[in-house]
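Okay, so chain A shows up in both of these, paired with chain B first and chain C after.
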Partner chain A sequence: MSSETDRSTGSTRVLGDTWRSVDDGLRSVGNRINPVFQPLADGYNRLFGAYFGEMNGLQFLLIFGSLLGLLTAPFWGTFSLIQTMTIACIWAVFAMSWDIQSGYTGYISFGHSVLSGVAAYATAMLVYNVDPEMSMAITIPLSILAALAVGMLIALPTLRLSGPYFSLITFVAVLIFYRMIRPFSEYTGGETGIQTVSVFTYDPLVRYYYMLIPMLVVAVALTFVARSNIGLVLMAIRENESAVNAAGLDATKFKLWSFVLSSIPMGIGGVLLVHYYGSVDPTTFVVVDNSIEMIAMAVLGGMSSILGPLGGAFLFVMLEDFLLEGLPASARWTILWTIILLVLVFARDGLFRKLWHALERYGRRGETR
Partner chain B sequence: MTLLEIDSVTKKFGGLVAVDDVSFTVDRGEIVGLIGPNGSGKSTMFNCIMSEYDVTGGTIRFGGEDITDYRTHQVVNNGLSRVSQESNPIDALPVGGNIKLFTLPNSVVSLRGGASEEEIYQYAARVGLESELQELPDELPHADVRRLEVAKALATEPELLLLDEPFAGMNQQEIRELAATFEEFREDGITMVIVDHNMGGLMDLVDRAVVLDNGDKLMEGPPKEVTTDERVRKAYLGGTEVP
Partner chain C sequence: MLGTLLSILILGAMISAVYALIAIGFTMIFGVGGVLNLAHGALIMLGAFAYLGLTSTGGMLSLPPLVGFVIAVAVSAAASYAMYAGLVQFIEENVVITFLATVVVALLATELVTFWFGTDPYQLVPLVAGSIHLETVGTRVRYMELLGFVISWIAIGLLWYYVTQTDEGRSILATSMSERGAQLTGVDLDFVKSRTWLIAGAFAGIAGVFLGSLLSTYPEMWLNPLAIAFIIVVIGGIGSIKGSVVAAYLIGYLETVTIQFLGSSFQGIFSLVVLVVVLLVLPQGLYGREFVHE
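Up next is the complex of A and B:
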């Protein structure tokens, strides 16, 4: 018994020592790289720091390195990588949209796939039922409006509820929407859906940019809002709603607004998805699994940070469609959900938030043990 | 001139009458003590004024305006602010951020409004917290957390401050300092209603006291009258000594 204890403390010590030397190594690397990019970061901070938050050299490298990587991917990536990244862009829009509402206010929605589903169905049903030649200039705004309208329909009666009731109602909303598709199959195409939606383009590289650019716009816009007073109030609602009211702020109004801020990009994402597939059907677009996957992506990256869920979505889709691609579906999903579980247990703040803070630490000068 | 008017307010919770047909007024510039033993309805009265509870009957007027059915944030934006008995800072935000939240405009399109760094510093300085602006609330000692609550209420620029047991859990030195702070508020033109179940130190601070007992108004008057009143003595400790 005692020898076992000795061995375990011994191995803990070895682990601790290894970690310490890795930590010191990273710190010295960080200390060397950080100054190289610090002048660029300083310039950025002067121009945009007040709007998006300040960063050090390493964080600047991460953000702008990733941005450069995304923008140039077709020039260095393989065909299947680009395919995966195209889908990841759409899911990133969903995860960020979910985050500005659920991640920030703490009113967790289990039904966000209703919003993207409504937008996608609106586009498809307009083309299918009204006019096959209808221009995207009409269908896209109408579809986003449809997502907003349904968002309000869910938010208005439910946001006064607290605790699990809000989450349950959003969950039920997906189930209802899913079940309504079949009875109205004359208009919705039923189980098989509608296949006559046009795609943006058949060129996979151009299509990638069709998804990437809106995703980046949504990311910048939501980050801007999240770093403003609005983000502060939404976060305060999560932490202490009565304090928000006591501050003279109408918490209900802000919660509704978070749904507006969330529904619009959800609509954009839904439209992107329908024009990506050129079709719509209940299993790909509406099922409750979609809502849960959005949450998983946000959790993976780090809730209430916007860019965390963006990273989480890329990581999730990359794992699903690219890195674990060779495995059978059941094994793939089991591994994926196990990873989510591990992040929930051991890194509840999310991997990208952890990375962000680590970069801040390793960039700091002269901090030795 | 009357600033706050409580007109026959009643609050029932099911069969329990927590506040029973209570009326009193607060004049501009006054400090009024709302006192009574535990469970006499003082905090319920505050909750009714702040619209945390809907009243069962009666009317609450502030500056002549009927605010009975206002929602909490409207009451606050009308110039009333309350320091609760429990401290509830947002632990994820530093002291400065907690104060800033209370200065934000109630607008979903105002991205950059609210107090400047300098103004936040001033609010903190009025309660002696100016050197803790970067601290997180859970790193502060109890008395500073209480001071933060006062600074937050102050940051909504109230005409009338409702203070619910502001001295609870403080030592004598801290109580004296906070009482002096309230005197300064009075000089700045803020009217105050202070709830306390302990009459001792409060009586030096207030101009007038309203005594509640079991949801009823027992009496009101200047501190000297209240502390020597036989009914008040009876309500506290069943008669002998006023604590």
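Up next is the complex of A and C:
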């Protein structure tokens, strides 16, 4: 930053000076807050640091502050905010599941809405075609298994190939799945879908926890996996696949595992979504836009960081349903896609990763430029 | 029975010609830059809507269809170039980011068009009106379909001449074989890429006007043709122009036969089956990396 400002013209120097004073201000604030939470963070680091990565006081404040905020949301949030956050929880599951596969391995999938769609359709079709009284204890595991099976069906032929083929085929897979729904409308309900699925509960506050708890479990599980050696290998595949093979690890096998790791939470998310709406139909569950929205959330928060996509999903859904709610749909999406494009070009590591690193810098004591 | 066969033969040739145009542009951009350009679909839509805006009888401008066609193709080409010069150029060193950025551009363009024109389908003024009824075959062929076939082959022929017979064109081919090799022999990469994006944009524009006239024009009209172009490109081999043309006719006929005998709801499913088989047997596609020596 400083070497750039030296070379640049007057106006940017003023901008640079302003930025530096803001930076210094933030640093002094950070230095004051950090020690307060450092003991707690140290305790956390001793217990869990080896599994989830270490953090400083400020980062501890961010993570556990957000966690507390999420858990207590019904006590301070407005009704429509809770509604939005309920949806955001489901999308966060999708974004994180996408991330463990595509973000980490670099094999960008456009087909993830097939996985959630299959799980949702499996639940709905079991209820609709087999037994309307079938309990969730049966439908939920079966639906997740269905997502896993279809995930394998897509992954087995495509992940053997390297490069761009994978993305193209997953994109096509969504369109095919979407089209298959109509010829089999006897079982799938066709365009209008199936409306007879039971919802978890009609109480919106309880429903929020029904979505939040699985989301947090998925977040912890995927962070744990991503921080383990498996995550490391997946990232190595993204950076240099032949090096992974040369190290004696079977990259294809790890890519398949990443798809398994991704299919299961996608299945969970699909089940949550179907029991949230109490119905399935192709346009809300399958269309390729859904896959692209998951990707947009992950990009917004920061790909290959699990918690980044979580934050990205909340930011995205908040923007879409809460902050820009009054605008017509196409204007809203124009703004959203413009934001995503700007993040892609100017902050490709994602907003939450930027925030995370900034907190790390500001927490550091007595450092001056 | 003979009539059905002949009508499949004719209809398949028409639609395949348009698919070929889309697939060629897509595959050329991948060939020279390694960029998977999903915004290619948006260019198809842009071509159709530019034509609509320029020629529609109710609009402000009602240019003669031919003039509108030429301008619409130019608009697509210019938009394609603008995308390269204004966006892709700066981020193309990261494949994943570029790929995602083009997706977002495609969606952004779709939303902008939705904002102006709404989601309802439009009917385009045909370049040439009317149709010819083939008595012996028992099918009706629109002149527009014939024209699409002819223009597609003229465009493919010109492109073939350009990339094999002229130095400028050969530098495009050279770049897609080996970027470093081309650079060492004095090829200006930036110039090559600019021209490739221009050509791809123009091809998408032509395809857009014909798809818009033969089917209908609405903001998401590009989604299915683009998916079919993906299948074609993967079967033909990513980066191969010849492969794209061959695979376009393969898939075009397969789709036509499927629609004829099974109905349009099964469209795409057999293409996917063929795709999986090709991928398993020939992972590089029919003509993938035909010129590349490793």
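By definition in this document, the second predicted complex is superposed on the first by the 361 of 369 C-alpha atoms of A that agree within 3 Å, B and C clash if a C-alpha of one lies under 4 Å from a C-alpha of the other, contacts with A are read in each partner's own complex, and residues count from 1 in each chain.
Definition applied: contacts are C-beta pairs under 8 Å (C-beta built on N, C-alpha and C of every residue); 3 or more make two chains touch, one makes a residue touch a chain.
None of these values were measured; they are calculated from a predicted model.
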Chain A as common anchor, with chain B and chain C clashing or fitting: fit
Partner chain(s) touched by A:Ile169 [first = chain B, second = chain C, both, neither]: second
Chain B versus chain C as contact partner of A:Ile264, first or second or both or neither: neither
Chain B versus chain C as contact partner of A:Asn240, first or second or both or neither: first
Touched chain A residues, chain B compared with chain C: C
Chain B versus chain C as contact partner of A:Ala155, first or second or both or neither: neither
Partner chain(s) touched by A:Leu307 [first = chain B, second = chain C, both, neither]: neither
Chain B versus chain C as contact partner of A:Leu61, first or second or both or neither: neither
Lowest inter-chain C-alpha distance for chain C and chain B in the superposed arrangement, angstrom: 9
Touching both chain B and chain C, residues of chain A: none
Residue ranges of chain B in contact with chain A within the complex: 50, 52, 71-73, 76-77, 81-82, 84, 88-93, 97, 100-102, 104-106, 108, 110-114, 152-153, 156
Footprint of chain A on chain C - complex, ascending: 30, 36, 87, 90-91, 94-97, 99-101, 103-105, 107-108, 111-112, 114-115, 223-224, 227, 230-231, 233-234, 238, 263, 265-269, 272, 275-276, 279-280, 283
Touching residues (chain side chain A, partner chain B) in the complex: 224-225, 228-230, 232-233, 235-236, 239-240, 242-251, 253-254, 257
For the chain A and chain C complex, residues of the former touching the latter: 106, 108, 157-158, 160-161, 163-165, 167-169, 171-173, 175-176, 179-180, 182-183, 288-289, 292, 295-296, 299, 303, 328, 330-331, 333-334, 337-338, 340-341, 344-345, 348
